[in-house]
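Below you'll find a set of structures to go through.
Next, two complexes with chain A in common: one pairs it with chain B, the other with chain C.
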Partner chain A sequence: MTERVLEISKLHKSYGDHKVLNGVDLDLNGGDVISIIGSSGSGKTTLLRCVNLLEEFQEGVIKIDGREIGYSNSKGKRSKVNNKQVTKDRALTGMVFQSFNLFPHLSAAENIMLALRKVQKKSKKESAEIAQHWLERVGLPDRGSSFPGQLSGGQQQRVAIARAIAMNPKLMLFDEVTSALDPELINEVLDVIKSLAVEGMTMLIVTHEMRFAYEVSKKVIFMNDGVIAEQGTPDEIFKNASSERLTAFLKNTRF
Partner chain B sequence: MSTGFFNELWVSKMMIFRGIYMCIFVSFTAILIGTIIGVFVGLALTYGNIFTRFFARAYVDIIRGIPVLVLILTIYFVLPVIQINFTALQAGITSLAIFSSAQVAEMLRGGLQNIPKGQTEAAKAVGLGFSQTFIFVTLPQALRQVLPTWVNTAVETVKGSTLISLIGVVEITLVMQQIIGRNFLTMQFYALAGLIYFLICYSIERGGKYVEKKVAIK
Partner chain C sequence: MDFYIDYSVITSSLGILFHALGIDLYMTLFSVVLGTLIGLVVAFALVSERRIFRILSGTYVAVIRNVPLLIIVLFIYFGLPDAGFVFSEIPSFIFALTIYAGAYVAEVFRGGILAIHKGVGEAGMAIGMSNLQIIIFIKIPILIRSTMPALSSTYISIFKDASVAAIISVPELTFHIRKINLETFRTIEAWSTATVFYVVSCFLIAFLLRRVERRVAIPK
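Let's look at the complex of A and B:
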């Protein structure tokens, strides 16, 4: 039996009166690849940001490897854990952003090495080796000394993936990672993610690339108005959509 | 006439060198102290809670709203009333340091707030803590942004240092006045003063440009 990596239960999140997540339950086992689709404003990015603890949430529990992250519950009282623990909990997941967010003053290799050295306290030599390993893995073996400004969007995003995964997270989170890319650069990034999926990386992917979601996922989730409106295998979602909302959504998207 | 000038120049060369030394010493010390204070005030402005932000904001706004000369005169002539006695030199350095600290604080706040939110989020996402994020991600970027304005403040401080001649610190301006008082070569020696100030400020600007180029984000 594969172990449960991520367990989200009854997740509620609102900005003031505006409810963004309205009771989301979701489980991921080791090696699972789950894609989240849905129109903008449906809460899918917020869900991902909650798992990475970039957003606070008012109700619900997120567990990684069976341990609650971000909050603690003792005697029925829920409280935020301290900043140090938040930082530790956050390191369990790796996040890749829509806008890459590479550090512009550091080279590609230094981008990957920074947290290896400062967070995991690895030596410079070991960090450099790990960085080189992942740069090769994302198809950029000789761009380690390039700065983000000297790389194309697709290359930057691949470095960002390498930076996140080099930290050896339990779970990778991808937040619309191809939305800011020119069409001809999308595939090089998706291919990297696919190859990680094949290797058994556990991943939660928010995407607008329907064909990619269809090909890569074990399960697809359709979010609408802050809840999981439908979920199933890629075939169930894309070929046999039953609900009216999902059908309408799929009709308006490219496949 | 011109031989008279060169003769006078030769006679007063040590005075002039001492004046230049004093100007550079005062400006350098003031910029150094001002930058250190300014970084802390800038941090308080950017990341502080509502109280520290309020006091930092008040400090910056008040200092920036007061002419440097008034600051100098206040520190030299008014502080003794509350038993704080500075020598003219200390008062000069202190007032120029306070002046530059407010500029540095404001520019650092701007630099830090200009850094896209995605940068701190990415730093958090790879597991960096607050101070690590500041030291390795936001500060290096903010410093690059701030450098041209900081050089400008350094130049303003050098030019502001002329004002401390008024409380009796013998820097370039006062040296020139003393020399002129002796030989009445008004135009020549004020022109010389202008030239010296220009050379100091121009060197700072060139140096700044050089560093800026060196550390530019590619």
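Let's look at the complex of A and C:
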């Protein structure tokens, strides 16, 4: 039996009066790949950022491996856990961003090594070996000494994936990771993610690449106005869209 | 009276002048190093989420930047002994120049912090780094590199400002030049010499800092 890795229940998040997430429930088992699609402003990125605790949320519970992260509930009173615990909880998930966000002053290998050394306290040698392993894995075996400014967008994003996954997270979060890329660089990044899926990595993917979502996902979620408006297998979502909103959304996207 | 130029009063005291220049450089080095450390801490306080940090650091920068260096120097040199803290001229001046430099460097760094892409810090958080680790291993290294051009010109200004030490009789370059002027009345020779000393020194400092800047620059 596969274990439940991520459990999101009744997640609510608002900025002031503006409700962004309005009661989201979502579960991921080990090895699951779930894609989230939807128009901008539907809350998909915010959902991912809540799971990585980059955003606070007012209601709801997020559990990883059965343990609540970010908040604690005792005697019905909900409170934020301390910063140290937030940092620990955050490390359970790996996040890859739309804008790559590599550290510009460090080489590709050093980008991967930094947290291995400072957070996981691994030796320099071991960190370098892990970095090299993942650089090879994302198809950049000889770019370890290159700096982000010397790499193409696709290469930077692959380093960013390597940096996140080298920390050995329970769950990988991908936030529109190809949206900032030139069209000809998109596939090299998607291929890396696909190969991780094949290896059984648990992933939650926000994407505008419909064909990719169709091919890689076990389940696709369509978000609208801060709720999961529809969910199902890729075939159910892309071939047999039932709701009017989803049909309208898919009509306006490339497949 | 015939007008003539006679640099012999200068050439006979060249040794003293170079030694005096050394005092300027020495005081500058201390103030720049300490001021940079203060500036780093203050800059992060200026952009802190904690209001109390912003108020304290903002007050420091506002007060120091809005008061002439001369006043700060006189205040510290004549004021602190009254309060029971007695320093000799050079330490007193280094103290004044350091807190002065700290305020200017803080503003340079503040601009640099604001220019760092927000996502870079978030990427650090996402891989499990603490706020302090992000500041030490990510933000400060980026900051030093990106603000190096602006820091260089701040450092050069501070070197020139070391001349203010003449007012409290620190035997630095401007002090000695003025002394030569008063003792020999060779006004043009004295102040043209000062000009050359300062121009050449600043040029060399700029050249050195430029090399550092190139060395630490983020590869593109």
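We adopt the following convention: the second predicted complex is superposed on the first by the 255 of 255 C-alpha atoms of A that agree within 3 Å, B and C clash if a C-alpha of one lies under 4 Å from a C-alpha of the other, contacts with A are read in each partner's own complex, and residues count from 1 in each chain.
The rule we apply is simple: contacts are C-beta pairs under 8 Å (C-beta built on N, C-alpha and C of every residue); 3 or more make two chains touch, one makes a residue touch a chain.
Just so it is clear, the model here is predicted, and its values are computed rather than measured.
In this overlay on chain A, chain B clashes with chain C.
Once the two complexes are overlaid on the shared chain, A:36 sits clear of chain B and of chain C alike. In the superposition on chain A, no contact is made by A:237 with either chain B or chain C. Of the two partner chains placed by superposition, chain B and chain C are both touched by A:164. Of the two partner chains placed by the overlay, neither chain B nor chain C lies in contact with A:193. In the superposition on chain A, contact of A:102 is made with both chain B and chain C.
In the superposition on the C-alpha atoms of chain A, the part of chain A touched by chain B in one complex and by chain C in the other spans residues 52, 54, 83-84, 87-88, 90-91, 93-95, 97, 99, 101-105, 114-115, 118-119, 147, 149-150, 160, 163-164, 167. Taken in their complex, chain B has these residues touching chain A: 116, 118-119, 121-130, 132, 136-137, 140-141, 144, 217-218. Interface residues of chain A facing chain B in the complex, by the touch rule stated above, are 52, 54, 83-84, 87-88, 90-91, 93-95, 97, 99, 101-105, 114-115, 118-120, 147, 149-150, 160, 163-164, 167. Within the complex formed with chain C, the residues of chain A that make contact are 52, 54, 83-84, 87-88, 90-91, 93-95, 97, 99-105, 114-115, 118-119, 147, 149-150, 160, 163-164, 167.
Interface residues of chain C, counted against chain A in their complex, comprise 117, 119-120, 122-131, 133, 137-138, 141-142, 145, 218-220.
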